[in-house]
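Both complexes below contain subunit A, partnered by subunit B and then by subunit C.
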Partner chain A sequence: MDNKEKRPLSSIVIQYSGYIAFLGVVILFTMKAPVFLNPKNISNIFLQSSVLGIVSFGLTGIFIGGGDHVIRGGTDLSITSNMAVSAAIVAVMLNNGYHLLLGIGLALIVSLAIGAINAFAVVKLKMIPLLVTICMMYILQGVEKLITNNKVIPANSAILSFIANEEILFAPIAAWIFVIVALLVYLLYNSCSYGNHVSAIGGNELAARASGINVSLIVASTYLLAGVLAVISGILILARLSSLTPGVGDLMLFDVMLVSYLGAVFSKRFRPNIPGTFFGALFVGVLTNGFTMINVPSYWVYAIKGALILITVSITTMQRRRVL
Partner chain B sequence: MGKSDYILEMLDISKEFPGVKALQNVTIQIKAGEVHGLVGENGAGKSTIMKILAGLYSNDEGQIIFDGEDVTKKLNARTVEQIGISFIHQERYVAPHLTVAEMLFLGIEKTKSPFKFMKRKEMIKAAEKMLSEKVGIKLSGNKLIGELTVGEQQLIQLCRALMNDPKVIVFDEPTAVLAKKETDRLFKIINQLKKEKGVIYISHYFGEILDLCDRVTVLRNGMKIDTVNACDMTINSLVTMMVGRDVLEQYPAKERNAGEVLLSIKGLTHKKYFKDLSFDIHRGEIVGITGLMGSGHDMVGISIYNNSEIMAGSIEFKGKKMTRISPQIAVKEKMGYLPDDRRGLGAIQAMSVKENITLACLKNIAKKGVISEKEENECADAQIQKLRIKTLNRNMQAGLLSGGNQQKVVLSRWLCASSELYILNQPTSGIDIGARAEIYSIIDRLAKDGAGILMITQDIPELYGMSDRVIVMYRGEKKLEIETKGNDISDQIIIASMGGIGDG
Partner chain C sequence: MEKIKKVLYEYTTVIMLLIIFIFFSFSADGFLTLSNITTVLSQSSVLLLVSIGMCFVVISGGTDLSVAATYGLGGMVTVLCIQAGLPAPAAFLLAVLTGAIYGLINSFLILKVHITVWLTTLGTLFIGESIEKIVTKGGTPIYLSKVGGLFDYIGMGTLYSSQSESGVVTIKFSILLAIIVALIADFLLRKTVFGRNLYAAGLQRGAAKLAGVPVDKCVALAFVISGMCCSLGGIIGTSVLSSYIPVNGRYYLLDAIGTVFIGSTMHNRGFANIPGMLAGVLFFGLLTNGLNLLGVHFYWQNVVRGLLILLILAMDAYRRNRALSVVKNKK
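For the complex of A and B:
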């Protein structure tokens, strides 16, 4: 206990391993391709990470409140399908001549309903989140194909193209939305008593209950919040691509899981957390962008991602064994 | 004595569970300004009456008067703290990755509206102040709970409980997990608290009870025996009150003859749970080992079967020094282990009775790696008959059997493997009386046939009734080793396990 001041170098390296790796990768790319640190490219990375990041905040909240047991802990595998369905609803509504806001409103209602069903199954029926949300994922994949007829749906809207293309302070509005959402979610989880309640539940549900916290309500709220964030990211997808390709959510699911777990190495407590997820999403964005820039086949990105999650899980597992 | 003397009265409380009278007309009265001890064996009703007080169970009969007011109907898990009764549970109700300040103010954070922003600096300062004022420790409010010692975590819970300014605090075996220094610190705090509050203190450690408590209530079999002044009691007299003299179950007569030494253990030291433990087991002998929770006795068996966490000492089995024992080696050397967690570690629930029985002796009935179905069936049937396992047939799923029969299946596994040493961890826990007697006679027969038996149990009558020799452990060390033949030593066993010195 007294050697707190004189920690071995290795433990400090592990403590900041996330940041060190991030910095290392950035330096590597900059040496190979100096344009990498160009403001234009940096804002591009933020733009590319925005959709992934915003969905991942939702999953991270569920991780924080559900504990991170891989099988029994909180998780939501339907989250990216939820995003895709939201985008599909907005796109189809636009094509049928409805106003964008009406489409967003409907998407929000559907998405909240999905979140509520997930939450009900987890909180009231005490079903395992992994199973509940896998089923929900399949249902939503079906719904998405039904309403899109499994075809690419163009989405033309002045507001959407404004969000994607208009720049404020060197960066497109979409990138700023990412930053602002990150900031709001960060404040919610790290500065409000709500966040403290969520972490307490994830750490020891009995302790939280004994402290008079309404556990069911708080856990349910994390699923609902994930639904709202899925809608926001769905809109950003439409804005960036001006269309919806069915199946876009399926490809992203594992990235979202990766980013939410990866967040743990960016924190002192080695647990999923919002700033960590923010850096995690940027990290994935940096890798994709950087490898393209130095002409390394993007296939490498897959291998790197796999290695990353392995390293993350091993570091967090070892750390937690030390602490507890 | 006038009624106003008592801050909390539980009057004539009765509670019945299907088939069991858990409490019969138990009355406990707590004064403000006293530490009131509550003692009794497992199953005596201590935890039932405390769960009624905590509002987790409702009582069938009786009244609970708190501070002059009848609160019988008002008590439930959510209101009990507001009414003014706090509990320090044995379990640690803390979240390891919160900071001290976050945990202390969990649910009652100091916040700024409209979004309930936490005033972190204020919380940290208040937490540090509160901890040093209420429980007298200096801790940084920014430290993670997971980095604290168990004792510090407990004090966080206590501090949290005191923030509600309760009039009665219940401590449920608080020292079982504490080191000596932490125990002393806790006692100092309790003595401070009792100046203005009523304290209920539940413990198996009678030395602590006598040191700390003003009065003690003794429960046995759901009934109150008496409430006595602690200063009039000794450990011996308290034990006699608690155990009574009505323990006579059917145990096989001790007509076993000890043969040569089978297992010899010298100076065995576990990484965490016990140190410098030495004893022998002879063929044909049943050795019982006991202790309170946290005394390390429950880790001795598994450590002989798998010595990977043993730091020092030697294990000699059948005259051969064993340096490394893993379960595989143990099975090969013919040791059998019956785990305490029957459902988790013993019978493989999804497999058939037959497969469970023959699991450890497949080598004998397999030819070149192919299991001979005929021999397997014969082997299983023989065991089912021999141990009278109640199963429809050998192919029934083991998980569907009753607890006693599952236990027999696991026992037969080692019989089938013709084990020479049986390590039995809580062999009858959760098993009804009828099945117990059968298991006792099986164990007796094994010993008569020349096997050595190490039986780990917390059930004193069983320990005394079955064993030829008894070892009592206290906080990781052997406190007493004594022959059971001829003399009634159950008092000595209990006293030794509570830290007193036995006469033997």
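For the complex of A and C:
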């Protein structure tokens, strides 16, 4: 009897240990720099996390559907290069006098084509996703340089600056786009049968196939969705920086992977998941923003970030194993 | 006819490599000369060492993203020690030791704390790269002038050099060192109990554990070997440049994954292995060299490289799928 009453409490603590760590970091920063919890700064954190978060949703979807095998599991290393290429296409189209929407349309087509090639190789040729997407990454790095001629491309458009600067309800539109995309992806993965199917395939592909799920179609769709999300974040990059610097994708790749894997800390079953990725992106955003606020040199930030994340994950994992 | 088909299927990767080699020999002037081939070899030593490290970890059923960090840290420790006036052998020893410690940290986090391989090595990658930036005050390169001695020899020393009509033929000490490490690695993987255990641990960890294989020890050792090989790569890298450039390791990280998996297409069961990986390293080197000689623009080189690797891997996957379906049909 005693046992039964105790268990829920400890399992609740464990389920939320990721959130507790998150809260701890926020409290720490607020004590050091009271400005940290300003509404203005909070909206700023959302804005800073938006690009990273939106790409990471795409990768998280692929993780969920691809299973968690270290090498054979689903992954997409080309996703940030895809984002950079999309942004490059939009920027170059704008500079050549085309309408923004036309650029976005073309970027969407290209990005979906890339997603489709990845998906075809993974689903039909049964190639290891890691390798397919490394090759795709090489190709896209070259394509990005070809499009931009390896120069910074300015991108000026009324709509883009509207997205970046105009505020609705205390926050820039870009921050709201992040929240809305998060909600939509959350609904798709956590309250539709689609999400259940993706999780089922990730858990056990054969069982999912036996129960009548169209495995190929659904795995392919996660790659296509990642492509669409890459385009959205590419546009946000252009809006925020009003230019495109070649190589931005290579710099972000490992951050995106970190956020998507970090999402697991925020879940009961320790698996990648959409709300976890949302909080993971905010966590990384909070760390970057907070350390800048208390004047830690930028080159320390990554070390502290890496150490903190490893410590958080260690504590969560160890606690979880103790209970199970 | 059937036999030819079978041979073609078995050796797809080798045939692709040969086709590329023959293509460059005919189209690129100066490709098929002794001096050019030895230059390509000499430039491949660092990638070879990092790939050997990656190979061990991949065989153990994981990946090691922190090779980029151990490469950088190895170089950093060497340069700092040399600056502090330590003799070169001591500096090299400390650098390799740093790599080994890094591997231990990785394996502790993975095996004892049970953090997933990707998250662990991503975390240690970030931490290592930051240490490089902190020590160099934000990433300014450290230049060494006139160190001489063993430090110069490990990266730039030549074993054999002669003037031929096509140019200077040189064989660098560094490539000999890398090949010796590769031979030792191949021996370890194929002829020792450790190697067999490592393959077993990578293939079916649970089954290997039940069969009494010391899985944790093997996997930990794989990460330590990876750290040591990469820091040795870092030593050679700094010696070649006689300077230390921080956060330079990522350049090798994804290439190393590429070479290891190209290598695994040459194994009949698709396992990562050293001889195949050597061919992979050679392929990367020859491809870059050939495209340069052909005058292909730098921007296009990435595209061509990606397409070719994709093609090789796709052909291998197609072959395996067909083999699988033949087995199924026979049943």
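Assume the second predicted complex is superposed on the first by the 292 of 324 C-alpha atoms of A that agree within 3 Å, B and C clash if a C-alpha of one lies under 4 Å from a C-alpha of the other, contacts with A are read in each partner's own complex, and residues count from 1 in each chain.
The working rule: a residue touches a chain if its C-beta (ideal position, glycine included) is under 8 Å from a C-beta of that chain, and two chains touch if they have at least 3 such contacts.
Computed from a predicted model, the values in this text were never measured in an experiment.
Engineer: If you tally the residues of subunit A touched by each partner, is the higher count for subunit B or for subunit C?
Structural biologist: C
Engineer: Taking the superposition on A as described, I'd like to know which of subunit B and subunit C A:G212 touches: first, second, both or neither.
Structural biologist: First partner only, subunit B.
Engineer: One more residue to check, A:R271. First (subunit B), second (subunit C), both or neither?
Structural biologist: First partner only.
Engineer: Just to be sure I read the superposition right, which of the two partners does A:N196 touch: subunit B = first, subunit C = second, or both, or neither?
Structural biologist: A:N196 contacts subunit B only, not subunit C.
Engineer: So, does A:A158 touch the first partner subunit B, the second partner subunit C, both, or neither?
Structural biologist: Neither: A:A158 stays clear of subunit B and subunit C.
Engineer: State whether A:L169 touches subunit B only (first), subunit C only (second), both chains, or neither.
Structural biologist: Neither subunit B nor subunit C is touched by A:L169.
Engineer: For subunit A, which residues lie in the overlap of the subunit B contacts and the subunit C contacts?
Structural biologist: Dual-contact residues (subunit A): none.
Engineer: Which bits of subunit B are touching subunit A when the two form their complex?
Structural biologist: Its residues touching subunit A are 78, 81, 91, 93-98, 102-103, 105-109, 111, 115-118, 120, 144, 146-147, 160.
Engineer: Contact residues on subunit C for subunit A in the complex?
Structural biologist: 58, 61-63, 65, 109, 113-120, 122-127, 129-131, 133-134, 137-139, 250, 254, 257-258, 261, 298-307, 309-310, 313-314, 317-318, 320-321
Engineer: Quick check on the complex: what are the subunit A residues that touch subunit B?
Structural biologist: Residues 187-188, 191-194, 196-197, 199-200, 202-204, 206-208, 210-213, 269, 271, 323-324.
Engineer: Touching residues of subunit A toward subunit C in the complex: what are they?
Structural biologist: Listed in rising order, the residues of subunit A that touch subunit C are 68, 70-71, 77, 121, 125-128, 130-132, 134-143, 145-146, 149-150, 250, 254, 257-258, 261-262, 264, 297-307, 309-310, 313-314, 317-318, 321.
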